[in-house]
Amino acid sequence: MKAFNIIGKDIPRTDGKAKATGQAVYADDIKLPGMLHGKLLRSPLAHARIVNIDTSKAAALPGVRLVITGADLPKVTTGNWRLFPKTQDEYALAIDKVRYIGDEVAAVAAMDPDIAEAAIELIEVEYEELPGVYDIESALKADAPLLHDGYKTNISIDRKIEYGDLDKAFAESDYVREDTFTVQAQSHAYMEPCSCVSQADQEGRITIWTSTQTPYIVQCLLASALNLRENDVRVIKPTVGGGFGGKMELRSWEVCSAFMAQKTGRPVKFTLSREEELMAGRRRHPMTIRSKIGFKKDGTIMAKDLHIYLDGGAYNAMGPTACFLAGNFGAMLYRYPNYRYLGEHVYTNKPPASAMRGFGAPQTLFAAETQMNMAAEDLGIDPIDLRLKKRPGDR
Amino acid sequence: MPAPHFDYIAPTTVDEAVAALVKGGKDARVMAGGTDLMVKIRHRALFPKQLISLKRIDGLNAITFDEKSGLTIGATALLADVASHPVIRQHYPTVAEAAQSTANVQVRNMGTVVGNLCNASPSADNAPTLIALNATVNITGPNGTRSLPLDEFFRGPGLTALESGEIVTSIFVPMPPAHTGTAYISISQRGQLDCSAIGLGARVTLDGDRCTDVRIVVGACAPIPLRTKDAEKMLIGQELTDELIRKAAQKASDETSPITDVRASAAYRQKVTTVITIRALIDARKMAKRKK
Amino acid sequence: MKQEISLKVNGDTYDLYIEPWRTLNEVLREDLNLTGTKLGCGSGDCGACTVMIDGKSVSSCLTLAVEANGKEILTVEGLAPSGEALHPIQEAFIEKGAIQCGFCTPGMELSALNLLKNNLEPNETEIRHAISGNLCRCTGYNKIVDAIADAGQRMKSQQ
């Protein structure tokens, strides 16, 4: 046999030595001359109108170089689905309203992290608290408080997939069952808390080192958030300490650090604490999954009707993609000759859910596989045999 | 909120430490390993103005043993050292096991047994066994020294019998009588890493098959590590049959007043207390029969 | 009030003048630029900040720098004896595929050293206990366990 120089061989990772020796540079390892330290003020309330923000005391604290609120930034919303601007629903810093505990309200850049934290305490925010919704059921009630203006319900987006004739297929089924499954949120808990450093040149062009999985998304969205041309934003992705889908968007601190670097003329670093990550970080979507499935007596799958509510939290983040993918994954593994999916992404006053390993699959397939076992028991077929059964169209 | 700013004092004698603590009053905190204190400070739950470290006091980390009287563990003796100490493993195996089941390697390399007790968490891993073994705490304060049974040391979550200016310098564990067995069983979600949802320390002393002395101490199921005295009474003077152990375990569970928190529900704690009390008493009985 | 301290880190002595509330982790990373030591949680749970003080593995995020005054500190940067060569633990981590995102790696390696310094042939249970204070979220534990066993063999053969 021909000897290959790659195939069949263990190839050490190219960055193995740098990581094994501690030389690999992560965002928080970067220190630039004159660098300022940023800190975010987060909302203590789940749902409130911002009546007034007074930053004067914070700005007057010695060592503080800049304090900003949503009013200082260009009024641009961000979100990964640029082609569907309506889904872009999040400001880097809150404008008018906060929608979850931890929602970013203001930012400080100071000489050291301690001063930045002290300054955050001095920002006075007057809130008018609003009733909130904390789960799918209460968010969907007819009289539920609405999170976002311009919506008639708390459903932010829906996705539909349908093929075949479900009514006919269910009518022809010998066995039909319908179950509802619920799954909870989960934190990515990547080992490296999010961190970024931005530097601006004399023309306001930005170089940002940020712990991201998606430098090009950061580049294009940061450019639009600060009204820059894309080629005036340079994104450097240093070594990243895990992401698992949780570092795939432009985030508040990236916008703040770039903007504050422009305004102060000095590099600005933000590094989140583990507390911030767990309190306000992105997460896996909790879902309520209603699944109806029909079989012939011999185990032939006739049809599946899937209706999923995704608990999206306060903003869309990458929820629309999860909403779409959950439907794709719902039709996976077995051939469903007739299939219908309705996914509805629901706003609640909680941290936004987003992409996470599997991106809709673990929840949907947990429901599907559990339901397969329950069906197998009722049909008197071994659960493995039921899964391995040849279906029309299988090769 | 920025991290609290404090002065750091590292006295070299117990008397200096007491003087510093008296001077500092409520704003001063004593630190041994610091693994509980530093977490509280970093989480902005505690704002001391002075930290008084005991680490530079010579001899305070000593572990001494005398067959006639017993074992003394100094205030700065590390959990790791207690867990691996050959004499402790031989004569007080459960004391070593409880130290070993506290937190993780790094914390055991920093934290101390006495610190674990003084932190006075109801779930402190080292408390149930030491109470079961009739340990006493040695205390030095502005008015001299005193000793207190560990059983009377805990007053509530985070609260101890220490008066202002007092420092625990060591814990003393008497040599257990002949035919004594002990056991410590803890339950937590992530093995031994996280705080115990329930901890159970038991000691049994036998005369033949008859139980002459017994202690059952439940951790994390009451505001303090709790001695279940009614359950103990059921066993003293009796033959320790499986049947009687089961009844006493049920009684022990009834004496607890657990809460529901992130680690376990009250109902789970109550149910599992019965189960691990049975296991611990059976283990302790087995060891007592083996021990001369 | 600032205090003068002297730290011996990876064989080099540093005389510092620092505030007593600063942690060893901050001082290593910010003052000494030894950023191989990571900060993952700040509460002694994740192990990313593990360093050795006087031969024992500790969480640098819970250690005050003043407490380390006069002590010998080993960080991941000091593991290999010289610039080019790697420590057997580092070699094993690379070759056994025990490194993914790398954020837990420095702490894992020092926990491995804490185990192997007394026991070059640990069994799997001993290895898992030894790294029970170090989280890996890329879920690469199996390969890390393999690497530590392999590192023990490498160190033994070097003796």
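As written, the chain order gives the labels A, B and C, with residue 1 at the start of each chain.
Keep this in mind: a residue touches a chain if its C-beta (ideal position, glycine included) is under 8 Å from a C-beta of that chain, and two chains touch if they have at least 3 such contacts.
Because the structure is a prediction, the values reported are computed rather than measured.
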item: Greatest separation from chain B - chain, by CA centre; value: A
item: Between A-B and A-C, the pair with more C-beta contacts; value: A-C
item: Intercentroid distance (Cα basis), chain C paired with chain B, Å; value: 30
item: Centroid distance [mean C-alpha coordinates] between chain C and chain A, Å; value: 33
item: Chain centre separation (chain A, chain B; CA means) in Å; value: 44
item: Per-residue multi-chain contacts in chain A, two or more chains; value: none
item: Chain B residues counted as touching two or more neighbouring chains; value: 3, 43
item: Touching two or more other chains - residues of chain C; value: 42-43
item: Complex interface listing, chain C residues touching chain A; value: 29-30, 33-43, 46, 48, 75-77, 79-80, 86, 90-91, 93-95, 97, 99-106, 109, 135-138
item: Contacting residues of chain B [partner chain A, same complex]; value: 1-3, 43
item: List of chain C residues in touch with chain B within their complex; value: 1, 3, 19-21, 23, 42-45, 47, 50, 56-59, 61-64, 66-67, 111, 114, 129-133
item: List of chain B residues in touch with chain C within their complex; value: 3-8, 10, 34-35, 38-39, 41-43, 51, 53, 55, 80, 103-107, 109-110, 191-193
item: Of all residues in chain A, those that touch chain B in their complex; value: 114-115, 117-118, 121, 275
